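Note that the chains are named A, B, C and D in the order they appear, and that numbering of residues resets to 1 at the start of each chain.
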Amino acid sequence: MALSREQIAKRVARELKDGYYVNLGIGIPTLVANYVPEGMEVMLQSENGLLGMGPFPTEAELDADMINAGKQTVTTLPGASIFSSAESFAMIRGGHVDLTVLGAFEVDVQGNIASWMIPGKLVKGMGGAMDLVAGADNIIVTMTHASKNGESKLLEQCTLPLTGAGCIKKVLTDLAWLEIENGTFVLKERAPGVSVEEIVAKTAGRLVVPDHVPEMTF
Amino acid sequence: MAGFDKVVGSYEEAMAGLDNGMTVIAGGFGLCGIPENLIAQIKRMRVRDLTIVSNNCGIDGFGLGILLEDKQIRKMISSYVGENALFEKQLLEGELEVELTPQGTLAEKMRAGGAGIPAFYTATGYGTPVAEGKEVREFNGRPHILEQSIRGDFAIVKGWKADRYGNVVYRHTAQNFNPMAATAGKITVVEVEEIVEPGELDPTQIHTPGIYVDRLIQGSFEKRIEQRTVRSA
Amino acid sequence: MAGFDKVVGSYEEAMAGLDNGMTVIAGGFGLCGIPENLIAQIKRMRVRDLTIVSNNCGIDGFGLGILLEDKQIRKMISSYVGENALFEKQLLEGELEVELTPQGTLAEKMRAGGAGIPAFYTATGYGTPVAEGKEVREFNGRPHILEQSIRGDFAIVKGWKADRYGNVVYRHTAQNFNPMAATAGKITVVEVEEIVEPGELDPTQIHTPGIYVDRLIQGSFEKRIEQRTVRSA
Amino acid sequence: MALSREQIAKRVARELKDGYYVNLGIGIPTLVANYVPEGMEVMLQSENGLLGMGPFPTEAELDADMINAGKQTVTTLPGASIFSSAESFAMIRGGHVDLTVLGAFEVDVQGNIASWMIPGKLVKGMGGAMDLVAGADNIIVTMTHASKNGESKLLEQCTLPLTGAGCIKKVLTDLAWLEIENGTFVLKERAPGVSVEEIVAKTAGRLVVPDHVPEMTF
């Protein structure tokens, strides 16, 4: 069965390491924060200028001057720091963030990612996504493997305008964990009960399937 | 106004000289840390054909969104816009132009503008529509694009506290784009919640040194919240 | 060391991994705000052929000057050097190479290195020996030269206070080049006068966020004064 | 008679305006701070990261962490700010400093300045001088008009390696106040008792001498 949003977040959380500075995009990536393994510390970077983001505030703590990049009211944890947008993106662009998790419309075998613009629809903008994919060395893209009408989002070449070129190496879909190596997707893990055949059928880009593809367990 | 006293007596005085066709750089992220009263003053002045450089364009009825009501904005340079219906309408009808710029590049363009750096290379946006028409050059084996800095005729900034000399401190994440905006205006106007006397702020803890600030005014702020997320206590 | 605790137990541990031929970026201006104990550790390690990026090179017997005694420095990238006799001697005898870089360009090169900006244009140095071999390009009708950023294998930094997570605050003008150096090391080592617990420093008043800091150590400092100028009380 | 160091500083001080942010170089320029006209406020920028520099400290105030760009111990005045070298040169390079005063070995009719390097002598470095001359719009160069053996330092073309190209418009020597316009020096004022003839004789670069050249008074 395809992974739920929560399972996607849980699987991503296994990639965390103690002491990681992490930027989580809006949507499913945000949920990763709920599944940080016991005994492990990670620090969340929010690109509007906050390192050490805490949970939502209580009514009493609510403060209009304390928001995250999703414009949600948040808090800080002990050891947090708050800084300008220029400093925030110096961290991001300079490769100081250990892990970035974000969503996408399409990825391809060259590590290209399209996540911000569907021609013909209103374009709201890329926000910080282009900086995040260009700056991070370690990025996990979370997305559904195919559209609702079954069209693959893992392509030989992205069809939508790119967010970044050649910067994606790891993709977690609702069906599989894949890595991008030498111009192909490599199937690393499959969702519980999802067959290799289904993944092959729903992957439009070149796909390498190893002899053994372990099933994720939760 | 004598010496370094930057305090002005009214919002009219604060924005005096702003004219049709000018470029205004505004601090703020979403509705957080926006110079809401300076924006309201721009609305009252009815100046038109403005180019606004700001990460976002407010919402319907608040923040920079109110400048759309009388079509005062000709062009937005932003990373993320369209949180309001009026924006979408004017964009689709061709009354409004948008130059989408990656958020980090936008912040760096403002900083560079203020710091006398006319252009810089960044990997951000390479291979995307943002790179169109821009020079590409490899550094360390990786393609980068050339981005030019931004300066404004005016910069409008929201601080928390400032001394009369224009030394500004920001509160929490209301800092965001404000410090860079402050450096990049030919005329930089700062509104704050509290003005104190020189010497009251710790010199090592100033976010924006007064040298960047031309005019300073104390206001009161609505500080609307865009996404009110709370947990139970 | 677990989680974000950057504190190491000894100066040996602080500089572990430094090897012959590496590039070290050092904070400090003159003898002010220099990581004096980290420099002493480099001397004890007897590593050689170092490239040191620092505004100055200390004096005879103090600061980076002590690394000259055993000829550990192959190259200095600085804006102003030669405050000591040993430096002059090694330079004239060809044992030491110097790449003179304007002070503001040096600061910006470090910042750019840490911020993922591989190169930028500046008017500084155009038409001077600094421009030799560098691309010249006009912006706004004025010629600028292309300068490339700097990163180091190590960055050594002197802070005042830091929490265990490596959030650093500098004291007075001992700040100088330290914040930029801190961003530009593959391994950034900070020594401070006092280590406090996370939460004790105001999040909005951190000069160097802990994300840039790999190792942190508390030391005691001589803080020698180069030009002791006083007035009568 | 040629101006004294103090007179040079006094004459420069007449160019100050209320509310000016000023960077004063080492040597004679530093003395300008002593002659700020009564009732006028100026704020001194020191390029190591200090705006609002005060006088030298008393013994009790002496602090190794509080120095100026000349590495002298100093104090701050109320309303001062202290920042990094990158921020300091952002101010300088970005043209935010209203007036810069510095010394030179040579200037020429193109507004070039040479102030940091004499080939054959040990080169200690340019420090912040190249940034200061490139960043400031309003610069006053203070220097002696000629060397001890009478060679002019106001040239048709600088002979020494430059500090900056085409950036100098105002020069105050011990003999005269000159401005650089359209590829010539223009004699604006002469030191008390110094003849136009002496200035002409000691100026190697093209020099425009107006009909009336007022004498400075002190």
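Note that in this section a contact is a pair of C-beta atoms (placed from the backbone, for glycine too) under 8 Å apart; a residue touches a chain by one contact, two chains touch by 3 or more.
If you want to know which protein each chain is, UniProt gives these names: A, D = Dehydrocarnitine CoA transferase subunit B; B, C = Dehydrocarnitine CoA transferase subunit A.
As the structure is a prediction and not an experimental result, all values here were calculated from the model.
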item	value
Graph separation of subunit A and subunit D (steps between touching chains)	2
For subunit B paired with subunit D, centre-to-centre distance based on mean C-alpha positions, whole Å	35
Subunit C and subunit D: spacing of chain centres that average the CA atoms, whole Å	29
Subunit D: positions in contact with at least two other chains	82-83, 89, 92-93, 135
Multi-chain contact residues (two or more partners), subunit C	108, 111, 115-117, 122-123, 171-172, 175, 203-204
Chains that touch, pairwise	A-B, A-C, B-C, B-D, C-D
In the complex with subunit A, residue positions of subunit B that touch it	29-33, 55, 78-83, 88, 91-92, 98, 100, 102-108, 110-111, 122-130, 143, 160, 171-180, 207, 223-233
Complex interface listing, subunit D residues touching subunit C	46-50, 55-60, 62-68, 70-74, 82-86, 88-89, 92-93, 112, 117, 122-131, 134-135, 161-166
Subunit C contact footprint on subunit A (complex, rising order)	18-19, 21, 40-41, 43, 45, 51-52, 76, 78-83, 87, 89-97, 135
Residue ranges of subunit C in contact with subunit B within the complex	108, 112, 115-123, 137, 139-140, 144, 148, 169-172, 175, 203-205
Subunit B residues touching subunit D - in the complex, by the definition given at the top	2-4, 111, 113-117, 163-165, 167, 183, 197-199, 203-204, 206, 209-212
